Each structure stands twice: as structure tokens, then as C-alpha cells.
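Two complexes come next, and they have one chain in common, chain A, joined by chain B in the first and chain C in the second.
And now, the complex of A and B:
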């Protein structure tokens, strides 16, 4: 029982982080029809900002849970602000061109960000495990489980709820959904489409930054983490449906559970199983489980 | 003073002179029908007036100010709204949200973006009131995709009206619907225009509709204004009947 519970929580932890990454990716695609390959690097950027900030605040010795509260918004907003600069300057001139140009540009941005992080923070991974340890453990139905991991799960749930409310309940959300459905018509109504785009892109990047920031105490900030995360985020959106927030949530849960089970029983096939599921979804429902065809 | 005054408008697409030296005016509270065969330049003229296209030459003044260089958004703020020939609704949003969107847009994107749309009772009440004027209030919760064609046409006009224009440009608001529905749509449009003291320019092919509802009729032919006048004057104009009967 205790193993089962711990594994369930692990699956949810993984799903929460994946939802943050894939949800942002899907939001950007849903509104702007851009596949943002730089999304993985933005996630890594969030991780590096968080790890660097923790290093500055706590130094080598110990850490306090309060640092998390202080630095999470800083890292997330820093990445969101990066997005707010990238969209109008780099992406906007390419909207009228074929999609290949956007892929090329965002892939170039991925490489540039990756090198920039190597240049700024060096090739050695930054860790922040003292913060993870500072949260202590939780005793649940006979099982012992890291309290920090539960915090991440709750943060994922909270973000999903807030994002849902933002998109489906707010005044801006109405305009966001309208712009995603019909850009030309939205412009004809006098909606500031450029303003909607930059805010949607920044929000998607902010989610990636938040994901990177929360993962740091668990696994640190490492070069290459962005590409790994991007690949898994694509598996999530392929399963759930690119452009659908519900799809990102369902996809993240499926990938989280499957990966946890795979690691437990046949660890060498972990990624193969995920790709297999993605391939089956692509063949049977090309738009994803909850995507619009 | 005319509400809208366009002078010497020209717009070409390659070799085609879609609008070729058109003078056009709209008086306050006037309902004008813009008629003419396909390719006469009616939709191009509407696109020039609403800001979707920029003229190659000519000026447009609205409410005493030169708006020739203004964007669509700036013209909406100045008081010009339009609907499209092909109904352009947000199909996945419900009827209420389609109208509410226009109200939010009118307010600007940045005004209270995080406010819950449902809590914005002013916008909701205003949207419901507008739906009432167009007989759509019972459908407020239906996705726009689930409406009948006539209702879609009405909603399209309601969305333009929700921008609170002084001048509303309607491109074929009754195309693609049956005769009985045409009457319903035109009655709704005419009553809103009259009761709210709006001016309207309606592109329309059905001459029965045109003669029934218009204060003035402007006939276009091959990119230019061929004739204009009251319904009686137009009825008596031989050039008009020649074009309408295909002899133009």
C-alpha cells in the first residue's frame, strides 16, 4: 500500500511538472499557431535563474522553505519577461511566412539560449537539494514521502485551476479564445491582436519558467535539461492534443502514470513505452485525445 | 454636416479598378442601401470605409475628422462598425460571449483583463439587452455554431451593433436566408437603426428589401456610382433598370 501511494504521488509529481511545461506550449500553439521549440530552453532558463538565486540567497549551507516562495515568482517572471521580448521582436515579423520559418527561428533560439546558459552559469550543474531537504518528509498512511514533492503537486493543481479560470472565465480569456479562433475577425472587431499575442506568449513562457524553477530542488539545473523536457512535452501534447489545455492536463497525467509504472517494472523501456503511446494516438486520433481536428 | 464624406476614392487590384473615383456621403440617422451587380465594387467600398483596405487615392472624413489613414480599430473607436458578407462569428463561443467580446473590445484589452467575465454585470446586462433587441436573448447560452443561418446573420449584426457605432456598415445581412427570415432580419436592423438614431449602409441585392427600408439608394456599376436617390427616384431611373435587367 505504501509503495503504491508513493508511486501514485510520484506520478502526480511528474504530471504536475509536465503539465506546466506542456500547458504553456499548448497555450502558445492554441492562440498563435506557433510550435515553440525554444520552450524547453525557457524551462531550463527558469531552472537556472532559480538555482542561481538560491545560491545567492542561501550560499552553500542549508536553505529555508521561505526561499522557494521568494524565488519562484522571480524565476517565472524572468522567463515570462523573456517571452514578452522574444515575441514582438523575433516572432512577429514571421507570422506572414510559412511555418518552417517559425520552427527554424524557435529552434535557433533554443540553441542560443542553451549556449547563453552555458556561458553565464558554466557547464557544471547547479543544485539546490538543501531546499528540497529543508521541507522534510510527510507521513501518509504508513508511507514516508518528501513534503517538497507534495508542494509541487499542489502547485501544479493550483496552476491548472488558475489557468482554466483565466482562459475560460476572465474578460481577457474571452478575447484570448476569440483571437485563437479567428484572428482576422478579432482584429476586425478592434481587438488588439498584437497585445493578446504578446501576453499569451509571455504567459506560456512564464509557465515553462515556473516548471523549471520548481524542479530545481529535486533535480538541479543541468545543461540539456531543456531538450529532454521539450521532447516529453511534445509526447504530452501529441497524446492530449496540441492547443488544448484539457489535453495537456490529460496527456501529462497519462505520461506521468505510464512513466512511473514503467520505471517500477521495466525501466529500460520507459521512453519506448511513451513513444509507443504517442504513435498509437497519432495513428488513431491524429489531433490527440482532446484536440480539435 | 454629413456624418461620413468620402471623396474621389480609388482602389485597384492589379488591372482591375474595383472602386474608380467614388464620392459617397452618409447623413446622420440615414439608412442607405448600396446596390449593384456582382463586381460593381460595393464590398470594396465598404472595406475602404471600414478601414480593412486603404484607398489608392481619395479622402474619407467621419464626424468632421479625416480618417483616411486610421486603422480598423481606430475607426471602430471613432464610431464605424461593420458586419461581413460571410458571417464571421466565433463559433465555439456562445452567443452571449460573441456580443460580450465586442463590448470588451470596445473597452480595450488592457482594462481589467483579469476581472471575471461573469462578474462584469454591466457588460453582461448590456449584452443581454442587445440580444433582446435582436430577438436572440433565449439563445444566449448556445454556441454560435449551433444557430440557424438567419440567427447567425442577426448575431453578426448584433456584434457590430455592440461596438456602439454611429455608423454601421452591413455587407449583405440577408444573403443566404429565406424570404420570411429576410423580413425578420431587416425589421430588427431597421428598428435598431431608427430607435438608436444610427446611420446604416447596407449592401443588398433584394430590391424589394431595398425599396422597403431605404431612405436613399446608391447604385454602383463597374466601380463607380451610377445613380443615387430616394426609392422613388431610383425606381424611375432607366439606367438602374437597365443594369438590373442585365443590359448594363
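And now, the complex of A and C:
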């Protein structure tokens, strides 16, 4: 029973992080019709900024949970700001051209970002596991579970709620949805579409950065983590439906559970099963489980 | 899919525009380049171009030609059919793996055996994947090819007792021409001379074959689909089947490139199945210029030089590739061929 609970929490932890990444990817696609291949690298960027900041603040020995709370928004905003710079300079010239160019450009951006991180922070992984340990453990119905992991799960839930409120309950959310449904009509009604695009892109990047930042105490910041995460985020949005936020949530939960089960029972097929699920969903329901056609 | 509703019930059969596909006159510089490639190994002592003929350079050119085949095959989809595949590494890699497994389990050492196995494996894979993927276009096509190719990558990575995981499979030097050319003692000499000519010959065959396909009524139909799918349906082109055929042909030729790559590299690792390698095939094609037939060849060769020489000077070669790709997309979407055409055009304009 305690194993089951621990595995369930693991699945939720994984789903929470995946939701943050895939939600941003889906938001960007939903509003701008851009599949951002560099999204995983932005997630990695968040992780590196976080790990670097923690190292700076905490030095060798001290690892206070308060640093984490202070640095999470910093790392996320740093990545969001990167997005706000990238969109007007690199992506805006491409909206009038075929979609394929956006894929190519963001692939180029991925290559640049991956090496930029290697250049800045070096090839050795950055870790902050003392912080993870400092949070201690939690005793839950006979199971012992790291408290930090629960914090991440709660953070994922909180983000999902905030995002929902933001998109469906605020004025900016209305503009966002209007632009997503019909860009020209939104522009004709006086919405500053360019401004909405920058903000949507920055918000998506911010979510990716937050995901990277929260994962640091658990697994550190490693080169290549972005490329792996991107493909998993693809799996999530493909299952849930590209451009749909609740789809990203459902997809993240499915992937989180499937992956945990797969690792437990047939570790060799862990990744293949996920990609196969994505392929099957695309074949049977091309718009995803919750996407609109 | 709303497009299918436009399909007329009475299909008009596509009459070939011309009985024999006309291939445009080959420009003089292409002939010159081909001749240069043909005599290259004998030019080692020649002053100006001698450095290009060193064994190292010849092996580099061999790599470039192999990538050229892959990019050329890839461009049948991107340039001619208008489908951007982000999973072409799977055809390249599966052919290389077919070669590796043939060596490991059946102890085959004939290059023709490798080519057959590589071609068949990528053909089968492309037929299966194609049946699924070509139902979609644009970004969904790209993502679906990416996801399916990653399935194969994950299998190659995780079933390490078959594929040796990240260590990869070793590919020994093969015998060529059904054993007529035996296993040599000097591997460098083999790769830079015998194998160089072998690749050159296969490259030439592939180029002519793909050129004929691109110029044939089939190729014209693909371009019609690329330019306007609905109109193509109106003239009776069965869009789905044409796209599928293009996908299979493209996959099979990419497989030829993958097979040629295997002995050249001496090792197959999951890297060449990963989607980032698919991205590199895309890069080569765009670098050379995907709006022309010969652009991808230049792109493949140029990409290899770029990678080789940039790796020498900096360990951050990926960043440079990324910057080049971004610059290409923003400033020079027609690639090298487009830039060359522009220069020639300006010259002739000035005269």
C-alpha cells in the first residue's frame, strides 16, 4: 500500500512538472500557432538559472528553503524575459510565411540555447540536492515521502488554477482567447495582437522556466534535459490536444501515470509506450483528447 | 478532414504530360564538379587542388555525398510535396541498424547485402509510418513523424542486449560488389579510395533516379499537391496515395544513405535515430536550398564540412549551426543555391 501511494505521488510529481512545460507549449501554440521546438531548452534554461542562483546564494553549506521560494520566481521571470526578447526579434518576421519556417527557426534556437547553456555553465551538471534534503520527509499513511516533492505537486496544482483563472476570468484572458480564435477579427476589434503575442509567448516561456526551476532540487540541471523534456511535452500536448490547456493537464496526468507504471513493470518500453500512445491518439483523434479540430 | 469532401467521385486518370520525362540540360559546372569528383583521388600532387585530394578530404567528401543522398531524398518530401518531416533520422538510422544487426547476427559482410537490408528495412518502415503520417499535413505531419521516429529511437536505446544501447553496433569493413573487392588491409586506403568510388557511384545512381522521379508526371503531381491540394484533387490526383508514395520513396533513398553511412562511420549509435538528427537532415536541405533539385546535395556536402571544421575550431559548433539556421530562415530562405543564383543574376544584370 505504501509503495502504491509513493508511486502515485511520483506520478503526480511527474505530471505536475510536465504540465508546466506542456501547458506553456500548448498556450503558445493555441494563441500563435507556433510549435516551439526550443521550448524544452527554455525549461533547461530555467533549471540552470535556478541552480546557478542557488549555488550563489547558498554557497557550499547553507541551503535554506527560503532561498528556493525567493529564487523560483526569479528563474521563471528570467526565462519569460528571454521569451519576450525572442518573439519580436526572431519570430515576428515569420508570421506571414509558411509554418515550416517557424519550426526551422525554433530548431535553430534550440541548437543555440543548448550550446549557450554549455558555454555559460559548463558541461558538469549543477545540483542543489542539499536543498531537497533540507525539506525533510513526510509520513503519509505509513509511507515516507520527500516533502519537497509534495511542494512541487501543490505548485503544479496552484499554477493550473491560476492559469485557468487568468485565461478565463481576466480581461487579458479574453483578449488572449479572442486572438487565438480569430487573429484578424481581434485586431479589427482593437486588440493589440502584437502585444498579446509577446505576452502569450513570454507567459509560455515563464511556465517552462518555472518547471525547470522547481525540478532543480530533485534532479539538478543537466545538459540535454531540455531536448528530452521537449519530446515528452510533445507527447503530452498531442495526447491532450495541441492548444488546449485542460488537454495539457489531462495529457500530463496520463503520461505521468503511464510512465510510472511502465518504469515499475517494463522499464525497457517506458519511452516507446509513451510515443506509441501519442501516435495512437494522433491517428484516432488527430486533435487530441480535448482539443478542438 | 474537409478537403476530402472536394474529391470528385469520377476520378480522372492522370495522363502523363510527356511520354518521356524531360530532364533539363545539365549545367556545365555540374559536369565539371562530377568530373572533378571522378578524378579526385589522382590529384593528390596537383598544386592548387591537391589538398582537396588527400585521403582525409576524400573521406570527408564521402560523408558529404552520403548526407547529400539523404537530403536529396528528404527534399522529395519537403521541396516537392510540401511535407516537413521531423523524423527522417528513423529511415537513415534503421538502415544503419539493419546493417549492424546483419553483421552481428548473420555475419554478413557484403555491402550489397547491407544495401538490400537497409533499403528493405527503411522501405517497410516508411510504408508503415507513411500510411499513418500522410493523413496529416503541416505541423501535425511534422509532430507525428517526430513521435513515431522517437519510438524506434527509444527501442534502439533500451533494448541494449540487441542493439548495444548507447555503445552502438560496430560495422566492420565490408566486401564490395558481391565479394569481388575483398576486405582490405589498409582501412584508410579502402575508405578514401575504393569506398569513395563506391559511394560516388551509388550517389550518382540515386541522384539520377531521384531526378527522374522529380521530373516525371509523378513528380509533377507531387508539386501540384504541394501548391494546391484541392485543385490537385480536382484534376483527379489521389492526394493520399501520391503523398504516401513520395514518403516511401523518400524513406527508401534515405535508407540507402544510412546504409552507406554505416561502414564509413564504423559504428551505429542511437544518435542517428534521434529526432535531433532528423533536424540536421532538415538543416542540410534548407542550407543547400530546398526550392531547387540540386540544393540539398550542396547542403549535405557543405553541412559535413561545416561540422568537421567548426568542431575543430570550437566545441560550440551546435550554436554556430543554430545561428546559421536562424540566419538562413530570416535572410536567405533559398539557401546556398538561392544565394548563388542571386549573385549570378546580379552579375549578368550588370553586364
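As a working rule, the second predicted complex is superposed on the first by the 292 of 293 C-alpha atoms of A that agree within 3 Å, B and C clash if a C-alpha of one lies under 4 Å from a C-alpha of the other, contacts with A are read in each partner's own complex, and residues count from 1 in each chain.
Throughout what follows, a contact is a pair of C-beta atoms (placed from the backbone, for glycine too) under 8 Å apart; a residue touches a chain by one contact, two chains touch by 3 or more.
Computed from a predicted model, the values in this text were never measured in an experiment.
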Could you tell me whether chain B and chain C fit or clash when both sit on chain A in the superposition? fit
Mind working out whether A:169 is in touch with chain B, chain C, both or neither, as first, second, both or neither? first
Touching A:178 in the superposition: chain B (first), chain C (second), both, neither? first
Using the touch criterion from the header, give the chain among chain B and chain C with more contacted residues in chain A. C
A:278 contacts which: chain B (first), chain C (second), both, neither? second
Using the superposition on chain A described above, determine whether A:187 touches chain B (first), chain C (second), both, or neither. first
In the combined three-chain arrangement, what's the angle at chain A toward chain B and chain C (CA centres, steps of 10°)? 90
Give one of first, second, both or neither to describe whether A:115 is in contact with chain B, with chain C, with both, or with none. second
Classify the contacts of A:234 with the two partner chains as first (chain B alone), second (chain C alone), both, or neither. second
Looking at A:195, would you say it contacts chain B, chain C, both, or neither? Reply first, second, both or neither. first
Minimum C-alpha separation between chain B and chain C after superposing on chain A, in Å: 19
Tell me, which parts of chain A touch chain C in their complex? 33, 35, 37, 90, 93-94, 97, 99-101, 103-105, 107-116, 118-119, 227, 231, 234-235, 238, 242, 267-272, 275-276, 278-279, 282-283, 286
Quick one: which bits of chain C touch chain A in the complex? Just the residue numbers, please. 78, 84, 86, 132, 135-136, 138-140, 142-144, 146-148, 150-151, 154-155, 157-159, 275-276, 279, 282-283, 286, 315-319, 321-326, 328-330, 333
List of chain A residues in touch with chain B within their complex: 165-166, 169-175, 177-178, 181-182, 184-192, 195-196, 199
In their shared complex, at which residues does chain B touch chain A? 50, 52, 72-73, 76-77, 82, 84, 88-93, 97, 100-102, 104-106, 108-118, 120, 123, 159, 163
